[in-house]
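First comes the structure, then the notes that go with it.
The letters A, B, C and D name the chains in turn, as written, and every chain counts its residues from 1.
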Amino acid sequence: MAPTLADLKHELAVANRMCAYEGVVDAFGHVSMRHPDNPKRYFLSRSRAPELVEPDDFYEFDLDSQPVVTPKHHLYSERVIHGEIYKARPEVMSVCHHHSPAILSYCITGEKPVPVYHLGSVIGHDVPFWDQRDEFGDTNLLVRLPEEGASLARALGSHNMVLMRRHGATVVGKSVRDLVFRTIYSCRNAEYQTQAKIVGKIHSLSPGEIDMAGKIHEQPNVVSRAWEYWEMRLAHRGATPPRAKTARAAAKKPRKTVKRGNKR
Amino acid sequence: MAPTLADLKHELAVANRMCAYEGVVDAFGHVSMRHPDNPKRYFLSRSRAPELVEPDDFYEFDLDSQPVVTPKHHLYSERVIHGEIYKARPEVMSVCHHHSPAILSYCITGEKPVPVYHLGSVIGHDVPFWDQRDEFGDTNLLVRLPEEGASLARALGSHNMVLMRRHGATVVGKSVRDLVFRTIYSCRNAEYQTQAKIVGKIHSLSPGEIDMAGKIHEQPNVVSRAWEYWEMRLAHRGATPPRAKTARAAAKKPRKTVKRGNKR
Amino acid sequence: MAPTLADLKHELAVANRMCAYEGVVDAFGHVSMRHPDNPKRYFLSRSRAPELVEPDDFYEFDLDSQPVVTPKHHLYSERVIHGEIYKARPEVMSVCHHHSPAILSYCITGEKPVPVYHLGSVIGHDVPFWDQRDEFGDTNLLVRLPEEGASLARALGSHNMVLMRRHGATVVGKSVRDLVFRTIYSCRNAEYQTQAKIVGKIHSLSPGEIDMAGKIHEQPNVVSRAWEYWEMRLAHRGATPPRAKTARAAAKKPRKTVKRGNKR
Amino acid sequence: MAPTLADLKHELAVANRMCAYEGVVDAFGHVSMRHPDNPKRYFLSRSRAPELVEPDDFYEFDLDSQPVVTPKHHLYSERVIHGEIYKARPEVMSVCHHHSPAILSYCITGEKPVPVYHLGSVIGHDVPFWDQRDEFGDTNLLVRLPEEGASLARALGSHNMVLMRRHGATVVGKSVRDLVFRTIYSCRNAEYQTQAKIVGKIHSLSPGEIDMAGKIHEQPNVVSRAWEYWEMRLAHRGATPPRAKTARAAAKKPRKTVKRGNKR
């Protein structure tokens, strides 16, 4: 049976919490998903630390990052990161913006992350940099204006992630689970690259290896095995999100299913 | 409804515990707040590890760091850090002294921390150093004498934090929450600067970026979002402090409110 | 009383979880054991994160890494690592393949791990490298083909572990407990070697010291003391695996015992 | 009321567990105390990971490290470290031998740890090195023979700790609590020294500062504040040791008190 919209929102809450528990985000950072039935809309939590996000926290936004209902809560100021990328990349179904410790070493120095082990190939052949200062001069480094978001989306181009100088990173995926897998393993890859720098000279994967290893997570039971692992870790912490109130109320009614953006 | 003094003392206990749980302090270090109604007084716990502090542990001190009632417990020997800074900086409402692992690398080497990402701009344009040896020769490095505290306060000047060579750091804030935010993110910034040093050359924020990013945490729902996150983490650990005995006794009586030092 | 096969499978589930909890494996990596009564068979979990493995997850494989019954689940794609090593090394009773953070610094740089403290001598006199690219050109770096597994087993030779460039490591042991001990302490040794590199020049054990210290864990109560410690840590986390369903059903029947591969 | 022997043994079990939980020891390492009433005897656990030690695990040993009753369990093979130091240093009341990650960087490289912050002065003016190879040639690096223990004690001399090349460290204290404080803060100091090495040039305390700061933990409520903190952390983990069986049985009888080795 295909997942309902309530299922997918619950999964998005889980995704936010996984990224927190696995050390990608702290009080800041956010994970969104495109509306599975309406490519001109996306879901993003109200302004809240990702480890606290629950299904009832999501608002629906248009691609100009305006909420479709009048919000009752504070919203993230950097929503345009999500909206402008959904505009520019029709196949992208989920976006994470973060300031992980692992990736910041590269944002601070401008050194390039490269895939240093097979799972690190989720970052792809090249990770572009974007420096807000180049186009917009001195700012507070937050990406708040549509033109800032559009500029970031141009820098991302067709890549899997973009590094933001003195700020963080933005990662894209073909589904929420694909996105979480890419986000966490791109951080692991960066950690290993940094530690290896202490030991000696870095040898990265060859272009051919990146191509082939970059498809590992499309094999059966790769993303799902990792997802089950991260779910278990959330559960051990007592941090599995609750079901949405509406979903709880509707639990006895027939389910309305939605099409999924990709197979798992 | 404005918070009562009991609410603020509870918040100060929470602040002590957050700084412990987030890796800023261990058995040592302390967080104080100025009396919200009497700028010539401040509150600081009896001598106790911050993660154990509860509202009933606070004593009230005058700005010469003398307790206003005869104490029944051991007191921190470095109280003058707090008192002398409250004397010198009327707008400061909260002070944290710590020896965090993150900041010690800079206290040991004399290298300057610089803002390496937007949230790191909480440290401001410059972080001055203070070396107790310069003025007082060989000591045990504790800041116990009023003249030592006054010297430290002079080194701090109008800055947000001061590094103490071979010892630690002292951070100031406009409120307890502002202080905790500055303290934790100044440590994160130092961690990222150190890790980035392994990877390559450090590029810091420009002066204009520091000015603008340094105001991010004054935006709505920035400090409060982080506070909610750190509170959740304390609660997960079962480490939320109890209410004061007096507060518990008074729970059914009408509340006496106080003015706050700043808005949240 | 000798352990039953059910006991040994439970121990193998514990071994998988220990390697996870001690930071050797995450969602990926696996630990197998040779069948105690049939040297031409081995046990390995269905495709699942090691920290989730339980006794009912094990399938029995022949040494060509084919399951002896038709599987109902996804299987690990890298089973040939285990099968080809069991073929080549008759005395090996247990194998772990992993991508631990500790060891990756060496897989990425090609620098040699060396025993830097007495317990690090579990790695032996030399740790060979294997680069899949040398023989097979560009691949996705997974070891899936029998000839890839056989090539890896040749590189391992008579050593205790082999490092796989841009991928991870494979470790062998004379029993499940011997394997876990070697795996965890080879990772600790690598961590200490990396940290020491920051401080100064590495001085390794002499060949004579490696010989003698390499036998420490054969002394009474060395492996068992470590095993009790790691078991306690799993129990604290609430992560001790359940007994197999069949074992639970058989709990009241007389036990069928098996011969052990080695003494403890 | 002075503590009973049962109280002191419980404290020694707590000390073993603290050293484990604070990252000093893992499955290996041990903490002993001299008998409070008989300076020719000491207490040390049966061979067991320190985080599991409870009061009933302690055996009494003479200073030749022979148990005074026939043991029913495996004993640590490195007992002579304790016995030979108690022979050579009459004022020492407690000894810890460990292989902490923090200190191993110095054991591996031969670089000297120096006090880099006030609390690091617990290591004293100099930390001597001992290389078992110098006097005994190739060994398995364990200190098992009386002459090996005596050689180590000579290297320790009148210092607070001795580093053992390619092995670990041994620390001494005037009481169990003094020992735990020295052990944990000597490890913290080493961690900070290593991290600072990434950032720049190390500046240590001056000799006069080491003298004065080295007495901080003799001030009221310094060691006890840290002890309360570490006890709370054990309790949070559910790892406080049980009382001895004999102590539980005797709980209703009048207590027999003993003299303490030092004041707290």
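Descriptive notes on the structure:
By our rule, a residue touches a chain if its C-beta (ideal position, glycine included) is under 8 Å from a C-beta of that chain, and two chains touch if they have at least 3 such contacts.
Just so it is clear, the model here is predicted, and its values are computed rather than measured.
Comparing mean CA positions across the assembly, the chain most remote from chain A is D. Interface note: chain B and chain D, two copies of one sequence, contact each other through mostly non-matching residue numbers (shared numbers fall below half of all numbers used). Superposing the C-alpha atoms of chain A onto chain C requires a rotation of 90 degrees, rounded to the nearest 5.
Averaging Cα coordinates per chain places chain B and chain D 33 Å apart.
Chain B and chain C have CA centres that are 47 Å apart. Residue positions 193, 198 of chain A each touch two or more of the other chains.
Contacts between chains close into a ring here, every chain touching precisely two others. Every pair of chains meeting the touch criterion is listed here: A-B, A-C, B-D, C-D.
The touching residues of chain C, counted against chain A in their complex, run 26-28, 47-49, 51-52, 74, 77, 99, 101, 104-111, 133, 137-142, 165-168, 193-194, 197-198, 237-239. In the complex of the two chains, the chain C residues touching chain D come out as 116-119, 188, 191-193, 195-196, 198-206, 208-209, 211-213, 215-216, 219-221, 225-226, 228-230, 232, 236.
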